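Shared chain: chain A. Partners: chain B in the first complex, chain C in the second.
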Partner chain A sequence: MATIVDIATEKALEVKNFEFTYAGADEPNIKKLTMPIAKHSITALIGPSGCGKTTLLRSFNRMHDLYPGNKYGGEILFKDRNILGSKEDLIKLRTQIGMIFQKPTAFPMSIFDNVAYGLRLQGLKNKTELQDRVEKALQDAAIWQEAKDRLRHDANGLSGGQQQRLCIARAIAVEPEVLLFDEPTSALDPISTAGIEELVVELRKRVSIIIVTHNMQQAARVSDYTGFMYLGELVELGRTEELFVTPKEKLTEEYITGKFG
Partner chain B sequence: MTHTQKRIITNKIVMFLSTLSALVGISFLLWILSILVINGIDALSMTIFTNGGAPPGNENGGLKHALIGQLMLFAYASLFGVPLGILAGTYLSEYGLKSKLAETIRDISDIMMSAPSIVIGAFVYAIVVAPSGQFSGWAGSIALMIIMLPIILRTTDDMLQLVPSTLREAAFALGAPKYKVIIQVVYRGAKAGVLTGVLLGVARVAGETAPLLFTSFNDNFLNTDMSQPMASLTVTMYNYATSPYEDWQKLGWAAAFILSMFILTLNILGRLFLLKKRGK
Partner chain C sequence: MSAIIDKIFANATKFIAIGVLLLVAWIFTVLFEHSLESIEAFGFSFLTETKWAPNLEKFGALPAIYGSVVSTFLAMILAVPLAIGVAIFLSEIAHSKIKTPVGVSIELLAAIPSVIYGMWGLFYFVPIIRDIFGGIGISMLTAGIVLSIMILPFMAAVTRDAMNTTPDILKESAYALGGTKWDVVKDIIIPYAKAGIIGSFILALGRAIGETMAVTFVMGNVHKISADLTQPATSIPVTLANEFAEADSGLYYSSLFELSLLLLVISFTIISIAKFYFLRRKRIGQ
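On to the complex of A and B.
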């Protein structure tokens, strides 16, 4: 069984005996995984390629439902309900649990329309309110200064790092409770990466964050908790400073010291 | 001779041969175009656009009947063919994905794209003309629509698939329902490509003659009733050009010129859209 540290604060999500099987796979790709996610904290998921960390992340907003044949098992509790139920309102769930992808995903429209997209989906039509909330989201995502004079310009004219911050602005504009980051800096240069990391730390005050990363230094820099996954199972979840210094599991120690991975 | 010298000579021979082939190909194209332009412009006059067909020997013969007939056949074919093709392409790319049904539709479309257009003419003859007992504009439009459908369907499918799936996921992740993802994000991203497909599809049918021979047939006078036989530029051109009368032959040249310019414009527009898309 995995070693899981006690989480003192409230929990944003609770994964219980979670199983996930991709369409066509013979056995589950994630096996009986149990893991709490702390509220208003940053939880990093690390582990070698194929360990299931992104698969787990994409289960929190039921992204796997977009493709036929994938199967969930067990429970993921969010606000005291199991979000894996077949009656779950996915549209509402995804406004509460937002996601940032590996590559920036600016829509082919203006910067303003990108950020307003989620707000408009929720039926917000009032122009001044839209304007205010777009501005606030852009400020919170630390891109207002660069974007304010070109709000009507095509978002694809921004640099990669700017686009990623735009995507963060777009996600936080709808005020989600949880934000999922899927290797958000793997396509960015070191300076943009530092900017995104700073932003993620800042955002912790308002949302609970789960971040998948290949970069162990990044996990160590930004996260409060770190979960180490291996072959579809959680090996260890600990406070980040403890997990990297005094891991409880031998496998964790071998991974973070670079013996495999 | 050293190895290097050999390579240089081989290189020169290959370059010479490929340049020569390209020149031969282009010269035929320029030859056709120049003859078309010389004879076509010579045959052009205002009366061509204002007067309908006339018996040979009559100075006042024009192409108005064929121009209007062509436009009507073409407009009705596009009116139904373009939305049908785009929606079907959307089904393949967004809903059908790699399912058996979708793959079957793709295969059939590919086969239909290379099917000789005269076969489609014969098919429409059997299912529309023969039961209704007469050639008609509708039959012609249906034949043209069937020819443009697979082209628009497949380009739409291809162009929508070029939109990265992460872009769709990002829209879903904001809580967008599927139809909004398709209309607001996927269509927007693939706009230029889909438009190109539409233009190439309609340009392809604009020059079709064979399927119209079996369906809309022809009429030497102006007719705007789609349930009657209808003139088209292509069939008129065929009839006039093969006739023994010099004034009809001249009108044939004019028809060829107008039609070629129209198709050329559509193709150039299509390519411009594609360029704009790549430039972005």
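On to the complex of A and C.
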């Protein structure tokens, strides 16, 4: 069984005996996984390729439902309800649990419209309120200074790092409670990466964050808790400073010291 | 030695490529040369004259131009929404088990020779139009409908391909903000694929305006401009297909050539516009 540290604070999400099977697969990709996610903290998921960390991340906002035939098992509790239920309102769920992707995904529209997109989907039409919330989101995502003079310009004119911050602005504009980051800096240069990491740490005050990363240093730099996954199972979840210095599981130690991976 | 072979090869391909350009120029020259008599006789009024009377040696292209434009316009109005609907269904909504067979059959429909659409239109569609709208059934409306059915598969297939170029991660980003399927199609996929979609429409337009066999059967070749769509009419290619065999005078013959020159110029313009859109899309993709 996995070694799981006690989470001192409240929990944002609770994964219980979670299983996930991709369409057409015989074996579940994630097996009987149990894991608490702390509120207003950053939880990093690390592990070798194919360990299921991205699969787990994409289960929190039911992204897998976009493709037919995928099967969930067990429970993921969010606000005391199991979000894996067939009656779950996915539209609402996804406004409460936002996501940032591996590559910047600016929509083919202006910077302003990108950030306003989620708000407009929720039916917000009032111009001044839209303006205020877009400005606030851009400020919170630390891109207001660069973007304020070209809000009406095509968002694809921004650099990669700026686009990724724009995507973060777009996600926080709808004020989600949880933000999922799927290797958000894998397509960025070191300077943009540092900017995004700083921003992630800053955002922790308002949202609970789960970040999947291939980069152990990144997990060590930004996160409060780190979960190490291997072959579809959680091996260890610990406080980041403890997990990287004194891992409880042998497998974790071998992975973070680079014996495999 | 190998350098020489390379040079010969390079020059041979260059020669062939230039040959294609020369061929187009040649066609254009021949058409122009044969049109000269008519151009000299009628000048610009060829384009504005509504009378086409071979027995009086009077030739005006306006009814044929009008017929080409109106039948193509009708075809586009009918086909565009359907093509978009089919494309959206195939790229976003259909289950993968349906996607492939339906997609392939639509591509097969695009390969049906146009003469078959014409025959089918004449024997099965003309009576239906006659029963519903009156008239003799051979009409502008029938031609527009048959044309729309003919260009629909091509438009749907190319539009679907354009929509399929939208990266999954972009669509997922919109879903992740709480978008519905309709939101994603309308706000992400269509804007992203816009250039390709418009390009496919224009290519289909080019095909419709030059289409001969499918409409020759159902249009009637009557050189009259009528606002009543249930009346028989004509178009440039329909006139050409029907009348070359009976062109007995030099001026008649030359006027038909001028019509074909006109058609060539129109088609060229349309294809150039389509290419412009496709090129633009490529530049964005890089």
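By definition in this document, the second predicted complex is superposed on the first by the 261 of 261 C-alpha atoms of A that agree within 3 Å, B and C clash if a C-alpha of one lies under 4 Å from a C-alpha of the other, contacts with A are read in each partner's own complex, and residues count from 1 in each chain.
Following the convention adopted for this analysis, contacts are C-beta pairs under 8 Å (C-beta built on N, C-alpha and C of every residue); 3 or more make two chains touch, one makes a residue touch a chain.
All values derive from a computational prediction rather than experimental measurement.
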Practice item. After lining both complexes up on chain A, report clash or fit for chain B versus chain C. Key: clash
Review point. Touch check for A:Thr9: first (chain B), second (chain C), both, or neither?
Key: neither
**Study point:** Touching partner for A:Ile91 - first (chain B), second (chain C), both, neither
**Key:** both
Practice item. State whether A:Asn17 touches chain B only (first), chain C only (second), both chains, or neither. Key: neither
Exercise for review: Report for A:Asn126: first if it touches chain B alone, second if chain C alone, otherwise both or neither.
Suggested key: neither
Practice item. May I ask you to decide whether A:Phe101 touches chain B, chain C, both, or neither, giving the answer as first, second, both or neither? Key: both
Review point. Once the two structures are fitted together, what part of chain A is touched by chain B and by chain C alike?
Key: 61, 63, 66, 68, 91-92, 94-95, 98-99, 101-103, 105, 107-109, 117-118, 121-122, 167, 170-171, 174
Exercise for review: Please name which positions on chain C make contact with chain A in the complex.
Suggested key: 95-96, 167, 169-180, 183, 187-188, 191-192
Point to revise | Footprint of chain C on chain A - complex, ascending | key: 61, 63, 66, 68, 91-92, 94-95, 98-99, 101-103, 105, 107-109, 117-118, 121-122, 167, 170-171, 174
Exercise for review: Please name which positions on chain B make contact with chain A in the complex.
Suggested key: 97, 164, 166-177, 180, 184-185, 188-189, 191, 280
Exercise for review: Spell out the part of chain A that touches chain B in their complex, as residue ranges.
Suggested key: 61, 63, 66, 68, 91-95, 98-99, 101-103, 105, 107-109, 117-118, 121-122, 156, 167, 170-171, 174
